[in-house]
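Please read the structure below before turning to the comments.
We just call them A, B, C, D and E in the order they show up, numbering each chain from 1.
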Amino acid sequence: MIAAAWVALFLPLAAAVAVAVAGQAISRRAAGWLATAAVAGSFVASLIVLAEMLSRSASERSQTSVAWSWLTAGQLNIDLSILVDPLSVLMMLVVSGVGALIVGYSIGYMDGDDEERRFFAYMAFFVFSMLLLVQGGNLLLLLAGWGLVGLSSYLLIGFWHHRPAAVAAAKKAFVMNAFGDATFALSLFLLIQKTGALDYASVFTQAARLSDTVLTLVALGLLGGAVAKSAQLPLHTWLPDAMEGPTPVSALIHAATMVTAGVYLLVRTHPLLELAPEVQDTAAALGTATVLAAGLVALVQTDIKRVIAYSTMSQIGYMFLAAGLGAYAGAMFHLMTHAFFKALMFLAAGVVIHALAGEQDMRRMGGLARLLPKTCAAFLVGSLALVGLPPFAGFFSKDPVVAAALARGGYLGDALFSAALAGVFLTGLYAFRMVFLVFSGEPSPFVRERLHHDHGEGPRVMLGPVGALALLSVAGGWLQARYGEHGWGAVSTWLQPVAEPVVEATAGQEIVVSVLGAASGLAGLAVAWWIYGARRAPAPRPLPALERKLFFDEAYDALFYWPAAATARALYAAVEEPLVAGSIEGISAGVRRLGQATRALQTGLVRTYALVIAASLAVLTVVLVAVR
Amino acid sequence: MTAPLVASSAGDVLVWVVWVAAAFACVASGVAVISFRNPFYSALALIGNLASLAVLYLLLAAELVAAAQVLVYAGAVVVMFLFVIAYLGGQADAPWAGGPNVQKLASVLASAAILAEIVAALALKAGDRLSRAAQVSSAFGSPRRIGQLFLTDHLLAFEITSVVLLVAAVGGVVLGSHARRVDEGEEG
Amino acid sequence: MGQGAWITDGLVLLPLAGALLCWLSPLPRVAVGVVALALSLGEVALWAGALARVDFSQGLTVQLEERAEWFGDLGISYHVGLTGFSVWLVGLTAVAMAAGVGYALWAGRERARAYFGLMLFLTAATVGVFVAQDYLLFYVFWEAMLIPLYVLVGVWGGPDRLAATLKLVIYTMAGSLLMLAAIIVLGLQNGTFDMVESPPSSSVWLFLGFAAAFAVKAPLFPFHGWLPDAYRQAPPEVAGILSGIVSKAAAYGFLAIAILRFQGHTVRDVQEAVLALGAIGLVYGSLLAFRAPDARGVVAYSSLAQLGLITLGLFALNLAGFNGAVLQMVNHGLISTALFLLCGVVEQRAGSGHFSLLGGMARGRPALATLVMTTGVIALAVPGSTAFAGEFLILTGVFDQGYGWAIVGAGAMVLAAMYMLRLISAILHEGPRSAGATRGPDLRLGELGVLVPLLACLLVLSAWPAAVTSHTFGQTKETPALAKGGR
Amino acid sequence: MAGPDPTWYLALAGFLFTIGALGVLLRRSPLIVLLSLELMLNGANLALIAFARHLGDEDGQVFALAVMAVAASEVVVGLGLIVAMARRRLALDVDEMRSLRG
Amino acid sequence: MAVALATPPVDWLALSPALVLLGASSVALLAAVLLPPARRRPVAATVTALAFAGALACASLLLDRSPRAEPVIAGAVVRDRFGALAAAIVAGAGLLSVGVSYGRRFRKHNAEYYGLLAASAAGMAFLVTADNLMAIFLGLEWLSIALYVLCALDVDLRGSLEAGLKYLIVGGFGSAFLLFGFALVYGATGELGLPAIAEAVSARGLEGDALLVAGLGMVLAGLGFKASAAPFHMWTPDVYEGAPTPVTGFMSAATKTVAVVLAMRLLATAFPAQAELWTWAVAGLVVASLAVGNLAALVQRNLKRMLAYSSVSHAGFLLMGVAANSALGAKALLYYLIPYSAMSIGAFAVVAARERELARPVTLDNVAGLGWERPLHGVALWAFMLGLAGMPLTGGFVGKFYVLSAVYNRGWIWLVIVGLAATAVSLYYYLGVVRAIYMQTPGELGIAPAGGSPPRDLALDAAILLCLAVTVASFFAVEPIIDLAGKASAALPL
């Protein structure tokens, strides 16, 4: 079992290295297939792990394997190890499965780009990093994977490096993630200081004896990392910009896998977080706030990918909510279904963009339903799943999250619950605004002019993954359909040994939520139809605050970038030039001036020389006689 | 002895008179050496100075030195001076002319300071043994005694003195030689 | 003397003999370079031999030592030997110098005999610094490093090389002379200049004397006035060596002398002050690197920042800090050398390292792009890289001395991301801003042959940073600095 | 033979020495400078002889004779230099010798 | 009345270095008169070189055969290893100087040049063994008079006569003070012999005697003058610049050696009771020399002048050994003199070579590119500059280290700091030379490189090579040299 897990981990890395080293020795298409095969191989290996795990009893499913000591210092010893347990297997399956589909899709999508090999190397490297993140046997390796997915994300967002916007977006993503990495690392330092270890078992067993302050600080640090990585408020601004990357990248990294790593982290470290309930509440609150804020901003975006991006933020908000509430299975389940339907939406959007030769502005689209029927169907499936209408996947995964908020009770629980419901309404609204804008009505003149009729909706290699994901978006939710004690809950049961839930909704609460949730979603859908589908009402003018994405970018510029740049300039002008460089020059000029003065004494007049001798002698003798 | 200014005998008075005269001549001629515009007169003043010193040497029982002073110094060295001065013609400068004023002022100050120090050092010592001269025999400072010393205790100094003179002679010849002698037939 | 002493001698004498060979033999130009490269690689092999012989469980004990009287009346001897941590720095030197020589051979240098001779001489001197076990011998090697550097920068450097070299030499010498004063006092007080035999000193003044030399050479924050010019004007491989190896000599000095040869309480008296300098340097260097207008400027100031970080690790005064610092010394040595060589490669193509003339070099140059990107991301200590491992340990160590230091350090990681990405983008991304940036070819075989091994070292270390950290100090707590200080 | 005690001679010697020094410091003609040097050496000689008398030790007189020879040697070389200068039409003024300075 | 003269026994070996040189001097002077012009220079040079080698051999023999210090020839000189080693250094310096001089052709007086060189060296070899005030004074005048003439010898060279006359006037002035100081010392103690002075002082309780101390002050000034220590150094730059370059090299090495060795012997032997006074006074001279020498050298363009100021600063370093007033100090001094002499002569030798090539004064501008044009000269000059700056791999480093150690042991850490600060300043100009010869090209400065290549001057190159060898070897082979210096300094009552 462990061997398969190691294979799963390193197969994509091997592919990445192979593609990078082989260079032009292999064709572009071969590079694509190599990467796809490797990721698919990982998936297969993950399935083997799953199968073996299923054959064991629930309590024996967790296993650690050490390759070698990765980092040591005195008593501190951090191994290069992997941990295979139900949680990581779930993530491995999602990552490698969805990953394989998307990488395969990319073969078609990226066809013709002159740096395809680099793309596939990066993609494979990303999958490796993500697997390292989820498989890593201790917090440091998790952080390593954490950083490496950030790196892959940077590389892939900036893949089209000749576009200034892409480069800027890539840098922004990396730097904001570096903030998260920093807080993450700080909490690790604290843990090392207090527990002397970083592997999960030692940390969790020792956590109970740590002081509240320490636990809160550790949990805050972890939350900081999670928030940055998962683009939650307030460290979310990089995600919309990240849409500058190729669409498969958006699908894989910025929807299905990497951005949900924060959720994985919260679930993985739940024993710590549970000891710092304030931080857990904070996570839930941040998640909910993100649900609303991202939903609102999504309403006014015109770029199809940005709408989906905001929707991703919003959905991850639900996962944070769930993780914060302690409904870990809910969070993970939503993570999984979200991976399916959001990847589906991105890939479908990718087909649209591909068909329109790179156009992403929804205002110029319209009427594509007739021209791209399969895509339209897929997108519709994705949207329905997103909104959470039965029987699509989102329905089964989102409702338990909202129900958990209800189950938590108290003012906070109620507030979270209401906001979550409102979020569902917003989801319906923006999702179907998008659907209607893009697909309904008559094809716009722009579309007629630009649409490539010759290759239909795209090659089979692209449509295949779309179909598979659509299927998953429909059926994926049925893994778990549970109302209290009734129904079945494959995911909950599976995760039970790893992450015991803190709250569990009753059957009644579940039912209420299902009804209300579906209704809110439908309401949103209806409003969208009213305005954008049937065009019965004029589209309201978007609020400037929403158009400007709630001024976060401006605020960060003012708070961080400009101060840093200004400080650097000021330091250069006030310290580096005058003090550091100036001091040398000043001293050397001073010494030279002294030298000139000394030189001036050497008049060339021999009488002066004699005089100096006489005078010095007089002084010398006086002093000697005086002090004798 | 305890009161040096009180002469105890006529001989002492005579010695004092001679001393005062010689000392005055010595200082006066010394000042003259550095005051004349013309080096020629300065050189002549130096002869006077050397002569007065010879007198003082005699008072100090240094007969051979006094003789040498007159013969070698005044007779040979200063005459050489005079020859050179005559050869070069009367080039003269005013004693206080030229050079920065600071130089003059400082020169005087420095000289005065050195003099003051010497005198002060002597004064610090004067009450002590320095005011007494040793009792010496009449042979003290005689050519014979000095000659003996030069061949015994100061044999090496004697020899070295001759070497120094030799080197100086060679140097003088090398520097002063007028011949257009060109070694090794190289370009002139 | 000790078993295997020949290998330590050899590490110093091989390059020295090579230098003499280069200077005195009438070899033709290319042959000299090849001989120098062969000798540099031989040095690497010799180091590997030494590595295999060092007993790391006794990491602080001097091993493979050789000792011969030099001037016995003052108790000064030629005493060399390796310790668990110095052996890594020797290795770094051997590898980076080999890369430098290789690069120079590829790039072609005027007056090859003089040049390669000086490079080998520099190797010998630097290795000497790391193996010297006598204070005066240490000083001798320390100064001997400066001599070839002076000429290497001054003769083969850029247009403003003269002012740069003068600053470099005078400034560093001013620091070194204070160290000499400290050495004289220490040695004469003890009656021996032997590092091993001398009892740990407890004088803060002596500490400051040593620290002055190390702080200038490293450089630490206010003492880096020579740095920007020297790093900009030196030939790329020399700049790489200067920032990669020579600065490590200073960090090594901090560890091997200023910390391990002083009483724990003395070091702790000044600990806060040095930590503050390190932290200021870290932030300051990062900020200025973020502002620098050219590639070398970024690397230069980042080097200042990194040395600040290493200093933080050293003065954490615990094993995590020490191990992290040693690891980071090796990392930064390799990174900095590689980055400066890349700067050289880029400058050679674009004609300038100024950002306003670069850009777009990724297009059509996959090898260059890959190397710049990989080196760059390792340099910014992306988690999972060996540089990250080093930083992590350093900050773990310094965290013990106060949360603030680690918070500053973690903040600097963000700044590092900012300036390194700026550098990468300015070279590789967007459109080319000059004809040179458009036309220059991708990396040639020779350049790859130099850069890839450096990068390979970094990648191997990334996979196994414990290769260094498990093989430095052992589990010892016997050092004076550790006795009452860290955990 | 009594008379002024050695202190008087020594004071006189100091005077003479100082006069000579003043001459070196003030005069520009190299000839007079050489003469002034002679005055200084004579001042020293007087001191030597006075001390010899005071101590009753003839070594001082021997020293004075040696000094005389040395003085003569210096004069020879000095005059040689002055003659060489004059022959090259160089001004006989020590203040004019300023080509070497700084 | 016939007096049986008890002529003192003469220890010929003790005088042999001086006598050999004196003999060579006579032969050279005879050659100047007797030989045809074309053969004068080679014969005189060969004879002088052989004499220097002979003197070196004699000094070595003396060094070997004089385990105990003993006064000879009625106490005029002392036969000891201290003097023998110093004489050996002088002889070595002279030998090197002959090599440097050989290629230099004066318009006339070629043979006399060597004669005077040998004569002044003889004076030096004598002076370092002199043990009473009279012998010291005579020895000083001996070598000085010869040097006055040597400086002025090249009457065609601009400044040569000026240098000679300046040296003579200031030198005469200085020796007059020295003499007056000797007179005062003699008057205070009644003794001329150095050990006798110390005995008289301790026997009669003259430690604080005003005359003695005033005399000591004047003696210090006179010695400082000869060693060109500031503030008695002012003749040095002018004379060094004006004198023929080989002479300058010889003076900078040999004269300084003699002056500091003499100072060490004189002060340690005759004035142990006043050590507290003169060590501080010498320390004052050290500080002044370091400050003035280094600061003034900083702004020089003319290489000879720069080296002159550098020699002033080295007087400071050398006098540190004296100021330490300890066996270590004397040892340090003797050690330091060996590489210092080699470096100094070597540096002037390279300047001389360039001067002959360009036929004009050597400045920092016109040595540009020298290092590449003339590899041996370049490397050598580089080594000499580093050595003078006290960088490792040259004996200059070890020497500086030793004198600094000596003053530290004296308890003067402040002087150590001053010395090191001076070293830092000095780097600027020493490295400026390296910079000029390697890092600037004639083209950059708008100066055409000298046309053609000069005739090979084997003697000069050999001298430079020898200097280089000594400079470097004295770094590696410290132990034997320092042993020798230690044995030599044991002769002094420290």
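Things worth noting here:
Heads up, the rule we're going with is that a contact is a pair of C-beta atoms (placed from the backbone, for glycine too) under 8 Å apart; a residue touches a chain by one contact, two chains touch by 3 or more.
Just so it is clear, the structure is predicted and the values come from calculations on it, not from any experiment.
Farthest from chain B in terms of Cα centroid separation is A. The greater number of contacting C-beta pairs, out of the two interfaces D-E and B-D, is seen for B-D.
Comparing chain C-alpha centroids with the centroid of the full set of protein C-alpha atoms picks out C as the closest.
Centroid to centroid, with C-alpha atoms defining each point, chain C and chain E lie 43 Å apart.
Averaged C-alpha coordinates put the centre of chain B at 30 Å from the centre of chain E. Between the CA-based centres of chain A and chain E the separation comes to 78 Å, rounded to the whole angstrom.
Once the centre of each chain is set as its mean CA position, chain B and chain C turn out to be 71 Å apart. Annotation for chain B: residues 99, 103, 107, 110-111, 114, 117-118, 120-122, 124-125, 130, 153-154, 157, 160-161, 164, 167-168, 171, 174-175 touch two or more other chains. In chain A, the residues that reach two or more other chains under the touch definition are 588, 599, 602, 604-608, 610-611, 614, 617, 621, 625.
In chain D, the residues that touch at least two other chains are 10, 17, 20-21, 24-26, 28, 34, 50, 54-55, 57, 59, 62-63, 66, 70, 73-74, 77, 80-82, 84, 94-95, 97, 99-102.
Counting only pairs that meet the touch rule, the chains in contact are A-B, A-C, A-D, A-E, B-D, B-E, C-E, D-E. Listing the residues of chain C that touch chain A in their complex gives 167, 170-171, 222, 224-226, 228, 284, 287-288, 290-291, 318-320, 322-324, 360, 362-363, 366-367, 370, 373, 377, 382-385, 388-389, 392-393, 395-397, 399-400, 403, 406-407, 410-411, 413-415, 417-418, 421-422, 425, 428-431, 463-466, 469-470, 473, 475, 487.
Contacts from chain D toward chain A in the complex involve residues 21, 24-26, 28, 94-95, 97-102.
Those residues of chain A that touch chain E in the complex are listed here as 588, 591-592, 594-599, 601-602, 604, 606, 608-610, 612-614, 616-617, 620-621, 623-625, 627-628.
Remark: chain D residues 10, 13, 17, 20-21, 24, 30, 33-34, 37, 40-41, 43-44, 47-48, 50-51, 54-55, 57, 59-60, 62-63, 66-67, 70, 73-74, 77-78, 80-82, 84-85, 88, 90, 94, 97, 99-102 touch chain E in the complex. If you check the complex, the residues on chain E that touch chain C are 331, 372, 386, 391-393, 397-398, 401-402, 404-405, 408-409, 413, 416-417, 420-421, 423-424, 427-428, 431-432, 434-435, 438-440, 478-479, 482, 486.
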